[in-house]
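One chain, chain A, links the two complexes that follow: it is found with chain B in the first and with chain C in the second.
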Partner chain A sequence: MSLLKKKPAAAADDAWLASSCALCYGTCSILAHRVDGTVIKIEGNPDSVVGKGKLCGKGVSGIMTHYDPHRLTKPLKRTNPVKGIGVDPGWKEISWDEALDTVARELKRIRDEDPRKLTVMRTTTVTASRVPFQAFSAGFGTPNFSVAGGGLHCGNGAHLISGIMHASWSVVPDFEYCNYAVYFGASKGHSAGHASCSNMGLAADARARGMRMVVVDPMCNFAAAKATEWVPLRVGTDAALALAMCNVMVNELGIFDAPYLKAKTNGPYLIGPDQLYLRDPATKEPLVWDEKKGVALPYTAVPAEDMALEGNYQVDGVPCRPSFVILKEHLRKFTPEQAEKITTVPAADIRRLGGEFGREARVGSTIVIDGVTVPYRPVAAIAFRGAQGHMNSVYNFLAVDLLNQMVGAADVAGSCLGFNPASHGFPETGRLRYVPKAGPDGLMVTGMWMGYHYPYPIAEPRLPTNLGLQDLFVMGMTSPFLTSSDQEELWQTFSVPYRPEALLNFGCNIMMSVGTSQTVAESLKKYKFIASIDLYLTEFSDFCDIVLPDCDYLQSTDSRSNFPFIFNLPGGMGEWCWSIRQPADQPQGEQRRHSEVLLDLAERIGMTPDFNAALNASINLAPPYRLAPDRRYSWDEVCDAELKCNFGAERGLDWFKQHGVIKWPKKPEEVYWRAFEDVRVPIYWEFLKVAGDKIAAIAEPRGVSIPREYYEPLPDFLPCPSHQCEHKGFDYFAFYYRDIIHTNSFTMENPWLDEAARLDPYSYTVAIHKDTALSRGLAHGDVVDIETEGGRKVTGRLCLTEAIHPEGLGIAALAGHWGDGMPIAKGKGVFFNELLEVDWDHSSPVNQNLDLCVKVKVTKLGAKP
Partner chain B sequence: MIAAWAPRLAHRLAVLWRSRRDGRASVPPAQAAIVEPPPLDEMDADGPPLLKVWLFGGLAPVAACRSFTVPLDAPTSLRSLMAMMVERFGPAFRELVMQDNGQIYGCCRLFLDGFPVEVDDIIDPARGPRNLELIVLTSSEGG
Partner chain C sequence: MVIDLKRCIGCYGCQLSCKAEHGTPPGVFFARLLKHEEGKYPSVRQMFLPVLCNHCTDAPCVDVCPTEASHYCEGGIVDIDHDKCVGCRACMMACPYNNRYFNAERNWYFGDAGPTPYELARSARHDTGVVMKCNFCTPRLAEGKLPACVANCPTTARTFGDLDDPNSTVSRLIKDRGGFTLHPEAGTSPNVYYLAP
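Take a look at the complex of A and B:
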């Protein structure tokens, strides 16, 4: 039922309020039903594109989180100066004035000394919180901004490669037109992740229409169970499989889209013996070989159709070849037989899958959509957390995307889509207009990103001053070195000129979300002061000095449910949509909205002009809606300014509270923008080699060896640390997977979701293959120790199944709370991250991604009682 | 095998990897609000128009000032203006805004009279006094 059709009933207060969920970062649009001041039901909002009226189990259970009696209601101050895991902080209730004065005093001291000593951390679950927290960080003047486990576990690789290859934060199949989708460790359309509920409907419709779906995953769960085919592989070996499939397509079957590769990639660029582009001496542009003229010319001077993709050439005596033919030859080493040894996927299956993908791509076809002729490639290879959650995440993800690139299945009808990277703007104001554009060497620069640190062109590596070292490892996003065991050693190595002193947290439970608790605890003890804005006391709270009670999503206002606004819009045709968040209930006790707390803190610190300027910049407010430097605004006023700026003076916060969302139609030129924008993407990452050389030039004189195999221009299979473990008895690859009824560690406290998890045989257990378990004398229900070669250990109960790779050990979600602040969550499930080392040796030297699989020994402790 | 979408398939030509818009109207241009720049407090009626530069976030402390003025004698590129600021405010300022290769960081945002501008844009003195705001946004993040 739409918002307008829901008539008020007889009760004095009976309202349906259009807002946005925040039980996960999908932020589906909701209708909250409030009767006499109590929210009694939450449904999906059918008027919105974000969720399309659907709501998952997490979303409908939101009222149980909202009314959880264990939520914080008063500011707290620790009285025990000793910090440690399980050490009682001795919380004492204090007033907001005392709490904010304390926080402001500490932050002001630090800001006066060196603002970089502050680290700001925020959860990605409330995606709209990026605006106030990023602005606060920028206004304060610190570059140390983190999302804790958010990037390390789910996005450092996925977002980087999606940004470079699709101008987008992530990728999805074009569900409406796709006929053959291959998922590598992804769950798009299966109740998790970006555009969660929207994609559920789209994926289901696509499957009903006949879209074949192949899921490559060590575990047959939410996506694979609904697929046409599950392809179990050894964890972390996705690149080997994808490259072998590419080899089958390109070399064995001769399937590739030459016109696409010539016009839209750097496939024609000539590469010299030094692995670098040959460049025009005058313009410095990369050269291509003009087949008609028989000469090498800058790529801008040759029609795409005349560019050579293959052949050997000489330019001024230098031998060179187009990058495509180098890639083509590189692929030859990835034979299905060799890939079988790495992945365990039979060579015959790899040949079949590669052939199916290539043939289903229908290279050369076009389709007319809304009167516009666009290329038609109804295949998509997508990846996400599973494939990218490793040290080799860059190559894993790039290898998967090469499947798309070889056949031109990139941002055209039916293909792998970046979701919504090209917008022609809101028609009435022209605001929200962005399109990918050509950057250095003609390669694509995204038009819209999570911020202005675009994935390409990559920044110039330099001696780092950020605590996360991202200014040296310039392709990194969230850094493990904010919590790693070797952080001090690295900071000394790179002469980082300061040390962190204060941490301001919003909603992260970093004690659980990154890696082994002992390492994280040691890093937190180094802070002189920690303040946290949160819903609950968590395991992280044990290290806080001040805890501030936050309002939740049913008590908050946001001018946007996402940042950027397309973050959760489904890909493909349909409508653009902007949704907001509005309160359906009042704060309980002394809870306050985090955005208002930041505005208050900024005033107390004396940085209101900086905060306002950062808000102006972050959300691109234009005159006359820009915030004045010296005025203290309410968050509602900031929201009102952004909405009016984007949608016109008549559509401010009040208009949106009444209407919920605004929509306008997408155009084929926007959705299938690849054919309309003159940009190229790199199938040969020349810039990666250049970056590797520069990073090594800085790091290696300081004794940090940069493994250059990670910086080769073409993707390879690089083994994870777990693949190299040879200790006897350590014969399982442990990994965790997203449980679709849970979001990180947060929803474990929700009683409805807890009940669902207890009914689910896998949520709180350890999945192990039936045959290998029985062969080792392990039975269903056995309690086991799971131990790494480094001595990290967790205990869990086995669930025998055939739906997992024989070498795999699958643990769901982020469970295993031990703190008292979330009593429903306490003691449930297995805390997988306890097994993960957080250090240089387990981080990608390219994008800083942590390796999330680990080789373990399983030891039986006892049978099911 | 032709799937259910076959009736919508228009024709099978060599793929056209160049745009073809089929006569559809282009998108209307932006209708940004037009406002007068705020008055500058250091205007000299007889001199050239002034550019008032405002520094926010981490830039103000390292420059040890919130704002300063620059006479607009002639069309001035923002790039040259940034170079002047780097020269004037030293290495700590440079570290925040400029890469070692001289490129300005994408996170360094510039707004001229409230509208975003690029470092290669030119400030035209004919339009009178102007306000330029600079702030460096935080960059690295995942999720």
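Take a look at the complex of A and C:
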């Protein structure tokens, strides 16, 4: 492919353009420096709170992704009808007209037959793409929406439970005021993730201030490397540790925040012998025991301070107890001694950690911030991908959050915070206002959410019509069954009345991002037609019929880089900040923006009115900015409408292109909203039991057994499939972790990042504990086969280290590309996901999270060169 | 310069923002991140050590340079005059820190695909056959900006200032937190200080 020639210097062009990064979903604000038509530097935008003028290594390296000569520049169609891994599709360059006509014809046929036969898939890395793709799916009429490995790997548990308990997508310590943070398999502020670069600065300030940080993780890297204390544990056993710490705190030391539990949780709700709420016969509201009056009354009829948290009661002859005391009793079985056997963390350490957390919480204290008195609980227990990436995803995450809930360390000063769950809106227009509110049974409903269903209330389980079965498994978000080896069996079992026929992808490389390649390949071969809007030819492109060359983030416009604020705007005090994306460079060749392609397709399919209506809803456009049904808008016009709608007629796209961002101060009542909003969160998941019963009633008559231990109202430690592997020689728990210089499978193609990764001791190698390796005759640099009991196999080079649990095998990122479309990335690192089965047996029966740890055998292939 | 290892998280922001600022060729780094481990399991720690030219007061690279290409600038910055450098690499042998690089031949990051527009604009200006290294972003300093690695550091681990001024932030950080230099035994009087993790 030829290079773009530098434009002649006819006019002196020297501009700094305020825009947004897209090297990861953190979406930090950038300034792109363009001189004579060439982007020569990308820096952080100091005017924005997202990154605060700083960028991580990925962000500053975006230029080399932008100018990658291997990027697609022309629409392509395959000429070889045979699809398979490594089978040459025989790409032929075609015109945009032909490409769009082909895609539109296929989609129109499907839409006329049954729109559900289309699956729409998009990468989470370009956060603003959620709106056009979600609206396109809704307008088209398909519920089958995928983010490939997103959710399955990173957050069906983290996001669901952060949503139910903190009204946000994720949780983070209140870095400004927290004194003691416990991280379970999370790297917030030390590597990748939501608001990653902003959090790096906030975490460094907290460290300098003296915040103690305990990091529970099988590997001592990133957050653990900066921790006050690293607590190595057996992979996948986080719930056992968290529950034992809770037990120490609540039962051994008697530390809990009774006023918080009474006012802000369902701890006082009375539970009968059937594990369900006792309800008022008239209002159906859950009952609590009024200690003053000595009677059971609906929770809305009793002042919180009079609600009983403990004791045994009889209501109309039914024995009952407050859910808090049931939880308290339940916790007793998680003794530190028992937890030591499961986690390998010494009981004495568990006791100490539980005590430290409880004491540092300073239950009962308050602090004045900006003149407002708020509860002060300077402790936080957070979790993310590591802890929640297991079949026991829900309980692992919930167990960690119970530490916060027991001491009231939830969305108050110093505590575990959701990312911006409450906003009182942009002051001049009142737009962007949302707060958590009380839903069914007084439990919290988030004020803001993104896609799929709200975390709570949960939908009524039904015989599924979604390919991912999320309408049966109602706590699920992204589903493995769009790609699983047993999908056809499950669809037949549940009489799913159609089969997928077309797939429209934007930017995902699902061949690498979910699980073992053979399984994913078979699922892709079932589609009659696949079109993909992409930057490169990837391993996924081998299965595509049409590939369309996308513009990248330096060539595109978006109106909402950091909204919803629950996703990647930094939490805690400071400022609200709205940023945009604007092009700093022209398309190369025939590249076109994905948003424009969708608008084109909608027009050619004849669904513009439906697309516009869905955009109106998705963006929440109000008159006079609502899109008219019949007009084919440009994406810039849609962006302009959103900006004016939110910020006033004078602040459209042109204003933002000039000014970059708009900011306004956060209030303590927003950041520490928990004390100011009358909502409760569930420490006893009664609704989970109810959902489990309903799901089983549908699934079990069809022969699918629902393991009810996953649907108990209180969390437990449930072993992963890897914990049950007893084959001889399978000694290591293999896991992967997010590398600080890589995003999913995308960034290995960036030659600056690839160069850094090649020099890094860990990025492209397999971390193994030094002593255990040596005792097996394995040496540093050895090339080894890593094999599962199911026969899945990858090859990697060992890095012997002290900084990993002796049973752990740590693999960075999502590397190991084999395709030719990304030649810099090809052959670098280890393709961990090849080891993962994608099926019912390896998915959470509650939230559909895949189990991401696997027991492996390590065999030496050859000595180091 | 002072680098606070307590704040540094090893994000490679310095190494890569330096590369973006200067367009250094493949394999050439004016700033790098090194990782190593200290201790035995479980009392072990992964450590991050960002390195760059130490701009030594008694710089052996300047002493050995036969053409006076390596020289001290006003304010103590050690720089290389590429018009004078003959690429003998004596300075690379003399530097105890391995922070100098020889730009042997023209090299592009995408190899045979040739230079990107960015590389044409930013990398093509680098001479071949000469030794290259950090000059504390002298052109940025002239514009009143901080060196790229300092300005960009997401954890604000880097502080740049005047070590001759006892009241400067850098001097106070070194005094208050016991700043140390790398390989003091080499006797080069480095001017990049580190604060303990």
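By our rule, the second predicted complex is superposed on the first by the 847 of 865 C-alpha atoms of A that agree within 3 Å, B and C clash if a C-alpha of one lies under 4 Å from a C-alpha of the other, contacts with A are read in each partner's own complex, and residues count from 1 in each chain.
Convention: a residue touches a chain if its C-beta (ideal position, glycine included) is under 8 Å from a C-beta of that chain, and two chains touch if they have at least 3 such contacts.
Small disclaimer: the values here were computed from a predicted structure and weren't measured.
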Note to self: Looking at A:V379 after the superposition, I want to know if it touches chain B, chain C, both of them or none. Which is it: first, second, both, neither?
What the structure shows: neither
Next item on the list: Using the touch definition from the top, say if A:A167 reaches chain B (first), chain C (second), both or neither.
Entry: neither
Next item on the list: State whether A:W230 touches chain B only (first), chain C only (second), both chains, or neither.
Entry: second
Notebook entry, point to check: Does chain A have more residues touched by chain B or by chain C?
Noted result: B
Notebook entry, point to check: Does chain B (first) or chain C (second) touch A:C220, or do both, or does neither?
Noted result: second
Note to self: Taking the superposition on A as described, I'd like to know which of chain B and chain C A:L278 touches: first, second, both or neither.
What the structure shows: neither
Notebook entry, point to check: Of the two partner chains, chain B (first) and chain C (second), which one does A:H190 touch, if any: first, second, both, or neither?
Noted result: second
Note to self: Which partner chains sit in contact with A:L852 here, chain B, chain C, both or neither? Use first/second/both/neither.
What the structure shows: neither
Checklist line | Which superposed partner A:T801 touches (first chain B, second chain C, both, neither) | finding: second
Check: Both chain B and chain C contact which residues of chain A?
Finding: none
Checklist line | Interfacial residue positions of chain A with respect to chain B in the complex | finding: 25, 111, 115-116, 120, 124, 127, 130, 134-135, 137-147, 150-152, 154-156, 159, 177, 179, 209-210, 257, 259-260, 262-264, 304, 363-369, 371-373, 375-376, 378, 408, 424-425, 427-431, 433, 450-454, 459-460, 462, 465-466, 468, 470, 476-479, 609-610, 613-614, 616-618, 620-626, 629, 667, 669, 675-677
Next item on the list: Name, in rising order, each residue of chain A that touches chain C in their complex.
Entry: 1, 3-4, 6, 35-44, 51, 53-61, 63-64, 66-70, 189-191, 197, 200-201, 203-204, 207-208, 220-222, 224-226, 230, 232, 740-741, 751-753, 755-756, 759-762, 769-771, 801-804, 806, 824
Checklist line | chain A-touching residues of chain B, taken from the complex the two chains share | finding: 3-5, 8-22, 24, 27-35, 54, 56-61, 66, 95, 99-101, 103, 105-107, 109, 111, 113-116, 133, 135-143
Margin query: If we count contacts the way the header does, which residues on chain C are in touch with chain A in the complex?
Written below: 4, 6-7, 9-13, 15-17, 19-21, 26-27, 32-33, 35-37, 39-42, 44-48, 109-110, 113-122, 151-157
